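Read from first to last, the chains carry the letters A, B, C, D and E; within each, the first residue is number 1.
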Amino acid sequence: MTVEFPALALILLFPAFGVVFNLFLGPRYGRGAVNVVGPGVMFAAFGVATWAFLTLLAMPPGSALSVHLWGWIEAGRFHSELGLRLDALSGVMVMIVTGVGALIHLYSVGYMAHDEDFARFFTYMNLFAFSMLILILANNLLMMFVGWEGVGLCSYLLIAFWYTNPQYAYNGRKAFVVNRIGDAGFLLGMFTIVATLGAHGVWTLDFVELRNHAALLGGAAATAAGFLLFIGATGKSAQIPLYVWLPDAMVGPTPVSALIHAATMVTAGVYMIARLGFIYTMAPSALDLVATIGAVTAVFAATIAIVQPDIKKVLAYSTISQLGYMFLGVGSGAYASGIFHLMTHAFFKGLLFLCAGSVIHALGGEQDMTKMGGLRRKLPITFWTMFIATLAIAAVPPFSGYFSKDLILEAAYDSGHSWLWFFGVITAGLTSFYMFRLIFMTFFGESRVDSDQEHHLHESPAVMTIPLIVLAILATVGGWINLPNGLLWGDAFVRFLAPAVGAFKPIIEASPTSLSLVASIASALGIALAYLFYLRLPGIPMLLAWRLQDLYNLLLNKYYIDQLYNLIVTRPLFWVSNNVLNRAIDSFAIDGAADGAGLAVQTSGQLARRAETGNVQNYAFVYLLGALGIVAYYLFLVMH
Amino acid sequence: MSPFNLAAINFVWLPILPLVVITVAAMVVLLAGVRVDDGESEGLGLLTLASLAVAFVFTLGILGQYGVAFAGAISIDSFSAFFDLVILIAAMFTVMMSLDYAAENRIPGAEYYSLLLFSVLGMMLMAAAGDLIVIFLGLETMSITVYVLAGIMRRNAKSNEAAIKYFLLGAFSTGFLLYGIALVYGATGTIKLGPIHDALASGAMGSNPLLLLGIGMMLIGFGFKVAAVPFHMWAPDVYEGAPTPVTAFMAVGVKLAAFAAFIRVFMVGFVSVGAQWQTVLWVVAALTMTGGNLIAVVQTNIKRMLAYSAIAHAGYLLLGMAAGVRSGPAILYYLLGYAFTNLGAFSVVIALERRGEVGNQISDFRGLAARQPLLAGAMAIFLLSLAGVPPLAGFVGKFYIFSEALHQGYVGLVIIAVLNSVISAYYYFYVLVAMYMQEGGVEVERLSARPALVAAIGLAALATILIGVYPQPYIASAANAFYSASGAAGVRSAALEP
Amino acid sequence: MIPLTYMMSLSAVIFAIGVAGVIIRRNILVMFMSIELMLNAVNLAFIAIGSRLGSMDGQVIVFFVMTVAAAEAAVGLGIIISIFRNRETVHADDLTLMRW
Amino acid sequence: MNGGLLTALIFLPLIGALFILMQSEERAIWNSAFIFSLLPLALSFYVLAQFNPHVAEYQLAEQYDWIPAFGITYHIGIDGISLFLVLLTTILITLSLLYSGGGDIEKRPREFCFFMLVLETGLLGALLSVDLFLFYIFWEVMLIPMYFLIGIWGHGRKIYAAVKFVLFTMVGSLLMLVAILYLVHQAHVHFNRTSFDLPLLYQVPLTVTESRWLFAAFALAFAIKVPMWPVHTWLPDAHTNAPTAGSVILAGVMLKMGTYGFLRFAIPLFPTVAVEAIPLFMALAIIGIIYGALVAMVQPDLKRLIAYSSVSHLGFVMLGIFALNPEGIDGAIYQMLNHGVSTGGLFLLVGMLYMRRHTREISEFGGLWKRVPVYAAIFMVVMLSSIGLPGLNGFVGEFLIMLGAFLRIRLAAVFAVLGVILGALYMLWTYERVMFGPITRAVNETIRDLTGREIAVMVPVIALMLLMGLFPRPLISRIEPSVTAMLARVNVAQARLEHERQPNRLAALLPARHTPNREPEMAAAAR
Amino acid sequence: MPPFLYIFLGALAVVSALGVIIQRNPIHSLLALIATLMTVAILFIGEDAVVVGFLQIIVYAGAIMVLFLFVIWLLNLQVETGPTGHLALKFFGSLAAALLATELFFILAPPHLQVKFTHEPVGYGSLASLAGKLFTDYLVAFEVTSVLLLAAVVGSVALARRLPGTDDPRAARKAAS
């Protein structure tokens, strides 16, 4: 059952109003107005979203709210509209985005309190929310792509927010371009779908239509489309091989990292795959690829995270790793598990970033964990909330991460990917290790803070701590909506989503309890190891780093992947463009040929004019030659 | 009915009335000029202008009459009228250009203007000729006077040199033309165009060596007069050295007359043996276009550049001739546009020119647009027309010729011509560059003091635009003119010749 | 009667000699004389052809050619004198003020 | 009652140009030029209102005898393909004049306005001509003012650029003239009627060889104008050295004449050859897309960079055109408009920068955002439009083009998306070098932000980007009928080609049709 | 005309024509030219062009050549000394002229040549027949010759007349001051 629900448009309009207001009037009306309007529109959107979500909840399963705006690209046979659709999946997403988004906006008021460019900041943030909501609420793939690129743009703008630093600007561009590479795949995926279905007379990308006609797609096209779309997802969600932008994105203001690069935007790939689950289900090989990439990324990023000294970098790699989890989930066919982890991750990772932001804020911009330590007492709220979040991400029961991670690992195992499950378990261990390393290095032990920073240390204002507390609560209880099967309202979330994303069909039925136990042991081991290394025997990490210098450097330098890309892609591209294309071909060959033709005319003119010696007898001679030629022609005619 | 048989008298004398007017005028100017100082020859010029105008009116009067006079020596048809009119216009423009120029340069007015008129007489005779002798005599009358005109600035070494070069090569060329006439005479037994046409049309003449060689020799002779490569070598030097109004007169009047005779002899007289000369013309046309344009590219003197440009344009016209009889109207139309365009361009050159040949270099045109926007604008129009940019006369002319040539399958030649047009654009546009995009150059004397020149430039510009934008009437009259000659040749021989 | 070929050949030879003279003699006057040779060769051709055709046209033309030759001579010699006055030379290869 | 509407549209600017020649006071010149550009602008909107979106044929057509001797008529009309290009022309000319009056043109304003308005006449005439001769005339007429605009008011190697521009274009257009003449001759042979009227010429039967050669001639002329790789090298020079208004019109409208020519002439006149040539042209288009982007990336000069980006964007347009399906061609036409707006906008912006600093070297800038936030913001939007951000205009066109290409040859779209990536790469990099980072040059500290006039110039550009990005339907629905009509001819040709290649399979696939194969007849007739 | 006379006259004409272009001294060249004209005149007479032949001797050889002579004296022309000028041009020029003669020979060779042979009418070549033609068929041409001669006279006067004050710049300056 689909109901027209015009108020859905309001969810978009509020942030849009925020954009317009902050852009044009923000600088004029000043900080007060912006601080009200910026977060205000998000809370308003959250309110509308809640209303819509409750409406949806009241309807029978499989229902949706929709609003049709206007026909958009309609050319030839192809047609697509701008329209919004709220079903279970997008409902959950909208709740996350508006909810967490509103909190982070609120937090930003405090975080950006001393920045001159607050109006621009909130413009971007509102624009991001607007784009993200388009992405989520779109009723067709093409419109989703609008949001998809829109959030990429906002990510770019916000990473490069402090544009006077050239490195920041570079990182922003890097994020956009890498995303564009993924988007190229997204586009091709769309084309594949349109072309294949078009051959059967279905010229649209509307999700409902696609779903109804998915069978027409056929295995090959579904695989191709799934594969190509997943390229898009690797870009947006920072998976191998396109993850390289996300760690660099941490140069943006920390609320941005929390909102965009942890809670919402980067999860768009997961959402997209869940949304198109009906296509992926037809393409097992594409799905396997998704799961594999997810699992490998999870381990890979986690290994990098364990040695990073920068607090935000650790969180960034952690995000990549966690996103890998989500892909492992959706790649196993358990779309709901991916979304579930997406949600819990939004809570705890958003919280982690905000806490990190609070720490950084307190330390006047310091991000290096080797210059922190012992902050527990100075920043109590931050510490406690961050600790809760760490417990959540380390999958300590009963915190939210435990439930969602378990669900994914179980799905991975059940779908026959036992190796990937193993990867997941390893990651779980690594995750708890690096997260507790972070906690220990930041909040425990001796203070290594610069002496002149020391007495500036203070807890953040309420406008920042309140969101922390709210998120901490969510990170704690967020997982409870989907208790393990058979426990109280077990599997409620999965069942709620099932009409939208389809139900998970396991291949192997393993014992959930034993699987969960293995993962928990791995997590516990990680925590124990971190405790050992960073509180008990702080010399060990140094020793290890010295002993395993090569490995340490490899990890510290992120497997040199950035350098590798530079070497095999970026530099050759510039070299070829500059020397081969621009100089050799364009300037020398093509332009040279054109100028050469002109020169040839000039030269032959110069040569020909030498015949004009000025001597009249030469003229007569040339005349005679011409006459000879003509007479010879007639002689020839006569002879024949 | 009049008691006298006026109709008969009129018929004999009316057709040559313009010629008579010109002749008488020449003598009157000569006599009137006996006591006129060289520096004050404007009066003579105005007299000349008036007489040319009278001749123009009379020529208009005979428009639409058809027939022959003087036992076939003079053809009365629209063809001759068309050319006569254009030649008279060219002469009038030349006089308008000369008024100040002659006085400033102390050119002997009486001789100058009377020779100009004699020359016009020769040209008109060539256009109206009905036999080869009249063509020859007309050509000589024209040439001999133009030799003198080219060298009339006696103290000027360049002018001298131009005269002697033109004279020597012209006389040399006369030998070839005459040889050709002799051979054609031998082959056909007649020197009248009508009978020649009939003799050739009856067939069995196509491989007569006398005829073939005669055609070849006449081609050479006419090729010289129209400055076709490789008989063109005189043109640049003579154009450069001659007084600029004379150059204009040569570039337009001589070329018109030469083409008139050329067309009448070849496209009317020799039309039925077209296969025997079109191939040669194909090659000559290609050479002429290419040679003219290539060398024009590297010129720095505007008169010399215009000389090579004139050679190139002769190439386009020859392309029309090579393509056969259907292109006739196109050639006539092209000549019309060409006449105005070139006259205008030379008028502008004169406006810039001063004693000592200042103003003859292309670099002297620099910055003209800033100082004299109207003058530069007019020059731009002429240059664009020469380059064949629509909707000016030069474009429609080229369009017409190429179109007819294509219709007759001369694709290769047309492509050569088109590529040549691109080359030509380069050097025409180079003058535009100088005028509009560079600084420097020479100051222009007060134009208000030279109303005749201004009138010439203005009229030429107007005509260049008008003929291009609304070409229909001119095309119609060109076609009418050409077909009157072409058709009349057959009719006349049947009806009038014994 | 002498065959036409013979007359024409003679005319051709004289014509070619005239042509050669124009090219190889640098004295303008002699060049001009060579041109007169060419004209004479042509005249010979006219006469020979005319008498075989039995038509007077050839002779009439020769008459006109002579007139033209006279006129040319008058003008040509005038030009030569004028050149000589200015440049003190009658050599064609000295007159290369304008070229290229 | 439409009599003379289009004629008025074409010739109003010309009248304005002549009127301006009579002005002498500078302010009066600018004002009257602006007013005379507003009149056709208003008129073109009236034309839009009068336009019937359901009709594929020429509308508001006028036809009078002009040169009966050649069968040439003054035949003008407007259809979906030309409709919005006309609007684009009138809009951009108005904006350029508005902008140029603000101090960009320092000398000889009278001639400048004169040439701008003559240029407008040429552009509008070429777009509205139905008669090939008329088209050719306007085609050449627009060349001359642009030549002067570049040569007089340009910068740097302006003369070289101007001459190069003219000569490149002339080579192509004169060969096209030959082809036109040949085509008309064939029409005469077959219909015993000399006419340059396009609808008649569409029906001329040609042998395969003939149509291949003719197509080649037309295609060369248009390819140079587009410009397609490898005949593009006039463009960077012309763009770089032209004055701002010249660059705007050159990029905004004039390049479209090439693509328009393909749509209006080359393809419908010789559909069979066009279908045969799809792989070739798609390959060239893709080379243009990628090559243009890569070369743009390494340009040190802002305008040169934008010029190469035009090569890339026009490559997209060509790709869409040679997809030869409604999606691709709709997209191509839409992209023509987009490119006009966005690249026009970029040139205006660079012009504003040049006016302040008298340099276009990217390395001369850096950190400008701090000083000129309004400028930077507008630049950002225009740049995003240029790289095809969804929601702005550029995306609609690129999407449809790539979709069309994908439907035709899948690999083509795969390569084309590389262009999308590279587009982002070089544009953002440029933006970064100009706007981001610290201010490295002291002169840039004092650079001033946009004036009211400049903002007034840019606002319509931005508005168009948003409108066209969000509401493409009103445009495409007017474009499409004409495109469909044109494609009908192509489809027949394509079916015939396939029929020749695989007679058995086609016979099985298609119902009996009455499109007899005329090639043998033609061959017989030719003999 | 008997063949031997033709051979003799032809040889004489060729030799004297060669003399025109070979003699170093312009006067000698002129004399050779006059010899050629005379010889050709006799050939004219032999071809029944009596009047024209005599005109050739009287007008051409007599009057026009004297004009040449005057000019040679006036300009005081000397013998050309030594092989000057462009030798290559002379060589190739002669070669080309020879080639031209050869080509003409081949075209005019007996097997090709066909003229519509007609017996000469009575009075052919007489003064009466010439005059008759001149004043009927060629009336216009005849009149034009008169104009042509007039023009030539005007022209040569224009070129050669010496006007005080205009020709000499110094005199002109004196007159002006």
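Quick note on the criterion: a residue touches a chain if its C-beta (ideal position, glycine included) is under 8 Å from a C-beta of that chain, and two chains touch if they have at least 3 such contacts.
Quick caveat, the model's predicted, so the values are computed rather than measured.
Colleague: Give the chains in contact with both subunit C and subunit E, ordered by label.
Modeller: A, B
Colleague: Going only through chains that touch each other, what is the minimum step count from subunit B to subunit C?
Modeller: So the least number of steps between the two chains is 1.
Colleague: Any chains in contact with both subunit A and subunit E?
Modeller: Common contact partners of subunit A and subunit E, which must touch each of the two, are B, C.
Colleague: Please identify the chain with the largest separation between its CA centroid and the CA centroid of subunit B.
Modeller: Looking at centroid distances, A is the chain farthest away.
Colleague: What pair of chains has the most C-beta pairs in contact?
Modeller: The chain pair sharing the largest number of C-beta contacts is C-E.
Colleague: By C-alpha centroids, what is the most central chain here?
Modeller: Taking the mean of C-alpha atoms per chain, the most central one is D.
Colleague: If you average the CA coordinates per chain, which chain's centre is most distant from that of subunit D?
Modeller: E
Colleague: Round to the nearest whole Å and give the separation of the Cα centres of subunit A and subunit D.
Modeller: 37
Colleague: Mind checking the centre-to-centre distance between subunit A and subunit B? Centres are C-alpha means, answer in whole Å.
Modeller: 78
Colleague: What is the distance in Å between the mean C-alpha positions of subunit C and subunit D?
Modeller: Once rounded, the distance between the two centres reads 64 Å.
Colleague: When the centre of a chain is set as the mean of its C-alpha atoms, what distance in Å lies between subunit B and subunit E?
Modeller: A distance of 29 Å separates the two centres.
Colleague: Among the residues of subunit E, which ones contact at least 2 other chains?
Modeller: Each of 85-86, 89, 93, 96-97, 100, 104, 107-108, 112-113, 115-116, 118, 137-138, 141, 145, 148, 151-152, 155-159 in subunit E touches at least two other chains.
Colleague: What are the residue numbers in subunit A that touch two or more other chains?
Modeller: Within subunit A, residues 598, 609, 612, 614-618, 620-621, 624-625, 627, 631, 634, 638 contact more than one other chain.
Colleague: Enumerate the residues of subunit D that touch no fewer than two other chains.
Modeller: 167
Colleague: Which pairs of chains touch each other in this structure?
Modeller: A-B, A-C, A-D, A-E, B-C, B-D, B-E, C-E
Colleague: Which residues of subunit A touch subunit B once you look at their complex with the stated criterion?
Modeller: Residue list for subunit A touching subunit B: 598, 601-602, 604-606, 608-609, 611-612, 614, 616, 618-620, 622-623, 625-627, 630-631, 633-634, 637-638.
Colleague: Under the stated contact criterion, what part of subunit E meets subunit A in this complex?
Modeller: Residues 85-86, 89, 92-93, 96-97, 99-100, 103-104, 106-107, 112.
Colleague: For the complex, give me every residue of subunit B touching subunit A.
Modeller: The touching residues are 164-165, 168-169, 172-173, 176, 207, 209, 212-213, 215-217, 219-220, 223-224, 229-231, 233-234, 236-237, 276, 279-280, 291, 294-299, 423, 426.
Colleague: Going by the contact rule at the top, pick out the subunit D residues touching subunit A in the complex.
Modeller: Against subunit A, subunit D makes touches at 164, 167-168, 230, 232-234, 291, 294-295, 297-299, 325-327, 330-331, 334, 367, 369-370, 377, 384, 389-391, 395-396, 399-400, 402-404, 406-407, 410, 413-414, 417-418, 420-421, 424-425, 428-429, 432, 435-438, 470-473, 476-477, 480.
Colleague: Would you pull the subunit D residues touching subunit B in the complex into a rising list?
Modeller: Contacts found on subunit D: 66-70, 108, 111, 133, 136-137, 140-141, 143-144, 147-148, 151-152, 158-159, 162-163, 166-167, 170-171, 174-175, 177-178, 181-182, 184-185, 188.
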